[in-house]
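In structure tokens below, several structures.
Next come two complexes built around chain A: one with chain B, the other with chain C.
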Partner chain A sequence: MSETTFMGVTRDRIDWSPRIDYDKCNDCMECDEFCPHDVFEVREDQSPKLIVKNPENCVVFCRACAKTCGPDAITFPNKNETTAYIKQIRKGEAAGG
Partner chain B sequence: MEEKRLYGFILCVCTGKCPGFRDMDIWDLVNQVRVELPVEYGFIHPQLCEEDGDRFLADFLQVHRKVIIAACAPNMQRKMFKQAFEDAGLKMEENCVMLDIREMSTEKAFEKAKDALVKLGYEVDEA
Partner chain C sequence: MDKSYAVLPCNGLDKCAGSVTREIALRLLKKTDSKIICPVFFRVSDSRYGKLAQEKPLLVLDGCATRCASKLAAEKGLKIDERINVSDMAKEENIALGLDLTLNAEAQTLVERTVAGLLSSSETVAVDQEGAAHAFFPACLSYETFQKDKFIFRLPVDEGFYFNENDVWAYVSGTHARIGVTDFVQKSLSDIMFFTPTAVGAEIEQFDDLGTVESGKAVFEIISPVSGIVTSINEKLIDAPEMLNQNPYEQGWIAEIELSDFAEDRNLLHTFSGYLPIMKRKVTEFHV
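== the complex of A and B ==
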């Protein structure tokens, strides 16, 4: 199971990670508790407390943290646009781009 | 005595790219479960929590067969799948056994599935 690619494209070329709306975020940290991949980091003595530390650890098209977020403070890129971009990269690579 | 109706077994693996399943061989696991354990069938779904997963559950739950979902945390599964069960006229707690098998080896995950079936009253071949 190769973890470095998704739909045939290396993970580092795909922009997919949670975006935090700090106006809504209430520091409940449910997202960090759910996500086992260290995408988030909690910094007790800094503001904002919660940051996205490792965006590339996020599983492409997984939005579970957004679904578990009470105040709906987490969003993701548009899935269709991301899919189109992935296909474009793959086509480019196929054509030796 | 009416034979106990078997559960279906869904192994949900978060696109297959989720590091939470890195310590197991998902194919060994699903083959061991569907061949060795008393389940009606066993299969892998890449991402039940996504839109196509919702559409799959809408079809699948029409059969009204109880199901074991081996995937992420039960509280997450409840949040993401409860509506699909309700839409099919089912109570999730009565029709679904939710197992968290992340960060597990194939053997450990298999044991967890086996224990769940034993707890449900199914006979499991210990050999």
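== the complex of A and C ==
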């Protein structure tokens, strides 16, 4: 089972997961082999072959799969914006909003 | 000879907690050979107190979370040997510091207890001889332990430890922090074979990575709980990464950071009591 919250914010409200640039992706599947959280799915005989199947399994702020990607086809959302967003939600909820 | 300090109180006049720092400083002066560093004069003149801070261990007394005295010490490049935050102490002692700027009986009690605590601590604080690095970390830690199957997990209960939900700890003291991973990380990775650090001098934002640790099973990205500049890394881990498995809180520490905005970073961190249930849940859900 994956985490359901991050710093008290439900995981589905935090947009943090890899983005695949299919112009760069060469279907090597290094990222899928690397990630222990079952974020990606490899679909044989389909196009695109690699998709982000379980974005909410992705560990918030982890970008390790992007480092394994030879063609640099994986990016992540802006960390500072994500941090600010999490703080904003927490603040809103603390204030009863 | 009694323990003595160079005492730097915040001496804040607009909060009761600031007045408490002043009172603690005066009491220490009376009872020991301690000397006071006046924050107001220190701000405009380095020469008066520079030598004093070298001769005696520096005790910084902050009244509130703004930590003016700690910041002043950092600005002046002083290493803090001991630090007390009066507001935190008041919470621990269950003492309400009122809005009244003069000290009430409860505040006086807090002064007495703090001074007694400082003078009774048996550990003699060494004056800094090799620079700021490493000196701020406690000599020994206390742990809470729990077990899953045959595995025993530990978590330090000592004050000053903060944790992010990426299972990385920071021990914060003054303007410095030491960083490492928790027992959950080292146990879930099992035998760690590689430690790839970030560079000393690197400027790190909160949740940037501080390098990786790797076992035969997986690579773990070390997500920094705090922002600042990396002042040192634990080079011993490069040759002996197994130290991380032996104890990730003591000899297996990862890096040290000079903090840039801990007051802000802290908003997204847990203390021991917040992180313990998270680590327990992760341990329960983890399948080897």
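Convention: the second predicted complex is superposed on the first by the 95 of 97 C-alpha atoms of A that agree within 3 Å, B and C clash if a C-alpha of one lies under 4 Å from a C-alpha of the other, contacts with A are read in each partner's own complex, and residues count from 1 in each chain.
Here, a residue touches a chain if its C-beta (ideal position, glycine included) is under 8 Å from a C-beta of that chain, and two chains touch if they have at least 3 such contacts.
Values in this document were obtained by computation on a predicted structure and should not be read as measured data.
Asker: Given the alignment on chain A, is it a clash or a fit between chain B and chain C?
Answerer: Because the two structures are overlaid on the shared chain, the partners are seen to clash.
Asker: Just chain B (first), just chain C (second), both, or neither: which does A:T75 touch?
Answerer: In the superposition, A:T75 touches no partner, neither chain B nor chain C.
Asker: Does the superposition put A:T83 against chain B (first), chain C (second), both, or neither?
Answerer: second
Asker: Per the overlay, which chain contacts more chain A residues, chain B or chain C?
Answerer: Comparing chain B with chain C, the partner touching more chain A residues is C.
Asker: Could you look at A:F6 and tell me whether it touches chain B, chain C, both or neither (first, second, both, neither)?
Answerer: Both partners, chain B and chain C.
Asker: Contact-wise, after the overlay, does A:N57 reach chain B, chain C, both or neither (first, second, both, neither)?
Answerer: first
Asker: Determine, under the contact definition given at the top, whether A:S17 touches first (chain B), second (chain C), both, or neither.
Answerer: After superposing on A, A:S17 lies clear of both chain B and chain C.
Asker: Clash-wise, after the superposition, say which stretch of chain C runs into chain B: 116-124, 188-196 or 260-268.
Answerer: So the stretch of chain C colliding with chain B after superposition is 188-196.
Asker: So which positions on chain A get touched by both chain B and chain C?
Answerer: The overlap between the chain B and chain C interfaces on chain A comprises residues 1, 3, 6, 34, 36, 59-64, 67-68.
Asker: Quick check: in the complex, which residue numbers of chain B touch chain A?
Answerer: Per the touch definition, chain B meets chain A at residues 14-22, 26, 47, 49-50, 72-73, 76, 79-80, 102-103.
Asker: In the complex formed with chain C, which residues of chain A make contact?
Answerer: It comes out as residues 1, 3, 6-7, 34, 36, 59-64, 67-68, 79-80, 83, 86-87, 90.
Asker: Applying the document's contact rule, which stretches of chain A touch chain B when the two form their complex?
Answerer: Touch list, chain A to chain B: 1, 3, 6, 11, 34, 36-37, 57, 59-64, 67-68.
Asker: For chain C, which residues are in contact with chain A within the complex?
Answerer: 165-166, 205-209, 212, 217-221, 223, 267-268, 285
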